[in-house]
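One structure below.
Naming follows writing order (A, B, C, D, E and F), and every chain is counted from residue 1.
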Amino acid sequence: MDLTHFDSEGRARMVDVSEKAETARFALAKGRVRMETGTWERIKSGGIEKGDVLAVAQVAGIMAAKRTSALIPMCHPLAITSAKLDFALEEPGIVEIGATVKVTGKTGVEMEALTAVSVAALTIYDMCKAIDKTMVMSDIRLMEKAGGKSGHFRRNPEAQE
Amino acid sequence: MDLTHFDSEGRARMVDVSEKAETARFALAKGRVRMETGTWERIKSGGIEKGDVLAVAQVAGIMAAKRTSALIPMCHPLAITSAKLDFALEEPGIVEIGATVKVTGKTGVEMEALTAVSVAALTIYDMCKAIDKTMVMSDIRLMEKAGGKSGHFRRNPEAQE
Amino acid sequence: MDLTHFDSEGRARMVDVSEKAETARFALAKGRVRMETGTWERIKSGGIEKGDVLAVAQVAGIMAAKRTSALIPMCHPLAITSAKLDFALEEPGIVEIGATVKVTGKTGVEMEALTAVSVAALTIYDMCKAIDKTMVMSDIRLMEKAGGKSGHFRRNPEAQE
Amino acid sequence: MDLTHFDSEGRARMVDVSEKAETARFALAKGRVRMETGTWERIKSGGIEKGDVLAVAQVAGIMAAKRTSALIPMCHPLAITSAKLDFALEEPGIVEIGATVKVTGKTGVEMEALTAVSVAALTIYDMCKAIDKTMVMSDIRLMEKAGGKSGHFRRNPEAQE
Amino acid sequence: MDLTHFDSEGRARMVDVSEKAETARFALAKGRVRMETGTWERIKSGGIEKGDVLAVAQVAGIMAAKRTSALIPMCHPLAITSAKLDFALEEPGIVEIGATVKVTGKTGVEMEALTAVSVAALTIYDMCKAIDKTMVMSDIRLMEKAGGKSGHFRRNPEAQE
Amino acid sequence: MDLTHFDSEGRARMVDVSEKAETARFALAKGRVRMETGTWERIKSGGIEKGDVLAVAQVAGIMAAKRTSALIPMCHPLAITSAKLDFALEEPGIVEIGATVKVTGKTGVEMEALTAVSVAALTIYDMCKAIDKTMVMSDIRLMEKAGGKSGHFRRNPEAQE
């Protein structure tokens, strides 16, 4: 199989999807921000009481999903029909981020979902960096995708992350 | 210490840096894309022979560094004076990304460096996803930063990533 | 009825329009810039003779209509098929702005029309602020919208503005 | 006094501020969204309990302040050093929006403050339009500005809005 | 025939394409950068050996194709399905640039192809300007376009360029 | 002398200008759009009487100057202090475009001036393409630049264009 973003001379190009059918597609991506427990507790209480880091990260992630094709050079522009971000703070020191994106189009939206997770993670970092510079953004990965000719993809949950 | 992005009512704001001095600042961030060995070999040979995934990722990362304040809601706009991305393919299955950004300004450029790494990683994912959907973007973190009142930060190399 | 931009946990999201049909839609929005009579006369004559504030405002409004989904966080990206701005200078001291936007899509274009009016108004302010800082942008409102399941909306002309 | 955005032939241009000194500047703008009392109550309770229209509007306003020169054709690009949005829900049916922007630069930031108010107002409209299409954005105006050669401006509070 | 971008009062507008059918369309544009032979040789060898001016210009051109409607005021937003840039260095001192863009849409993509060529040319200029300030970007023109009601257009090769 | 946009491994980077002094800089670029005489006459009369292609092109060029660093990958972001576009219709069939840009900064503004000319030319093309598809954009070149260490550059008027 070929790296489809390269033509026969090895130069980059936007893959030609002109002949592809428009189908309903969705993608789910996830990622984590690992941080000091004190930072994590501040985000957690802030989300409930007053300052809401996650509300800002959520807006940033949704806006980034819409801007994906302007950031990733070979990505096709897509008029996404849905973008949703979720956060889980179950394990101390870890903010888990999930992004679901949908479209009716000729290509998938995994880049949109991954970009939403990445920018939400960067926003969390930005808003907490005054108290914690050692945060790490990790495990940004595609969990599931559906629609289109390549069929349903579901990440093996036992796979090493 | 406070989460500086929230005012006394807990609402988000852009931190007021009006009174800060303009100083020379730099930041170095790193991150990794983990992938199947076959994908990694394709990138590696492509970089030398013909199709160059890393050349595209590098351009994407530099352009993203310039767009950081448009992506991260509370980030200050900064006229960066230097942006540089490096890639290392030493360990099979791992592309290591490094980004160095400089500015003479009132705030630091760690978000610019982290954004450059993230978007370069997303670009690598995008260009290889036809052959490998299980790639993971990880360990995106600040390594070093200098300039400004908060002083020199250097990540403890022994710290868990 | 629900505030559709919030999910069941109260977090913001882009409303899922995946299942909606693509229909022809249009929206008409209006707004006003109130200013000193002297400023208004300058704009009026300028529009005919030489400097044309309204020509610049018109371009700005059309370009803003295309950028709506990048400005308004929960707005869906839409490939609009028509954007038109009109100005009326009938009442001394008042520039009336009208914007009509069309699309064939899954959601309406009222935000595009309102954004076009707002940015045209801001542009008029910007171009005249050297001679008049007291201008006020007002009565920015949806006049009419058609297409889609929610049916035809026409603003009651007797309604308080 | 001249409409400074036009040259001697009447064509639009970006005013030449090359010779101006860099000074500390700030601007305060205000505006209102008028709506049905039921909508207003939903926003008010949402702001306290769960769904937070104003949190999203605030992020949108701050991001718009940074993008002002990309929206308003003759506006100079400025690296703003502070942006803050406030909302007051004192009078039933009215959301009052205030935006304060600061910069150290060669031109003022009134357009940035006015743009922040306008986009925050548009975002409130967008998030509530499913329950209320008759909302009106009004009284968007400059309240105060300081810094630069033109001196301190403070809007006469008795002036008609 | 009329200048379709002006309404009956002579004001600019985005042409209303709402009633047009969606058809498969493509456009091919070309252009040249003329430069000193020494510069040209550096680009040529660089492309093979080490620094690759054309790889950066290619990415810039593809990204610009996607941003066309944000740059050209009356251009319709289009979700392009393919963008491809080619370079030829056959004649010493001349880099020939070609861009092919495709879409399924209501309007053509000639502006996207011409914008891609222009931005690729500007990028070549930018990357070589330290050694050659006299480069000239020329002969940027539409070569061929297909799809839509206006039929197939093919530039007469004998026409003066 | 080196192609400064490449590091020692031949990879592209944004040139490090951190150590450069901020100086007053300006650049003047020019270009031409060649077209059928009938098209040219329409633009000329339109510019005086009613529809004004050049007014739209002028706004587009000024806005593009501000967006240069987002289009050209290795360009530094610069807060330009002046942008001015002029058009001359002296020779039948030729629209001559001139752009002057100023900044106080660490790098020059030739790319901003050249980008303004290119986008103004593309806008003229876009607005007239319904009546003339054979227009050619040519002779886009730097005429003069001042400020910074590299000294005053003035294009030799006898040089082949």
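Rule of thumb we're sticking to: a residue touches a chain if its C-beta (ideal position, glycine included) is under 8 Å from a C-beta of that chain, and two chains touch if they have at least 3 such contacts.
Just so it is clear, the structure is predicted and the values come from calculations on it, not from any experiment.
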From chain B, what is the lowest number of touch steps before chain F is reached? 1
If you list every residue number at the chain D and chain F contact, are more than half found on both copies (same) or fewer than half (different)? different
C-D, B-E or B-F checked against B-D; over half of contact pairs coincide for B-F
Selected interface, C-D versus B-E, where C-beta contact pairs are more numerous: C-D
Between chain A and chain C, the Cα-mean centres are separated in Å by 32
Just the number, please: Cα centre separation of chain A and chain B in whole Å. 16
Touching at least 2 other chains, the residues of chain A are 11-12, 52, 55-56, 59-60, 63, 67, 73-74, 78-79
Give the pairs of chains that touch; include all such pairs. A-B, A-C, A-D, A-E, B-D, B-E, B-F, C-D, C-E, C-F, D-F, E-F
Sites on chain F touched by chain E in the complex: 1-6, 9-12, 31, 42, 46, 49-53, 55-56, 59-60, 63-64, 67, 71-75, 110-111, 114-115, 118-119, 121-123, 125-131, 133-142, 145, 153, 155-156, 159, 161
Of all residues in chain D, those that touch chain B in their complex: 24, 54-55, 58-59, 62-63, 65-67, 78-86, 102-104
Note: in the complex, chain E contacts chain C through residues 7, 11-18, 20, 69-70, 73-74, 76-79, 105-106
Flag every residue of chain B that touches chain E in the complex, lowest number first. 52, 55-56, 59-60, 63
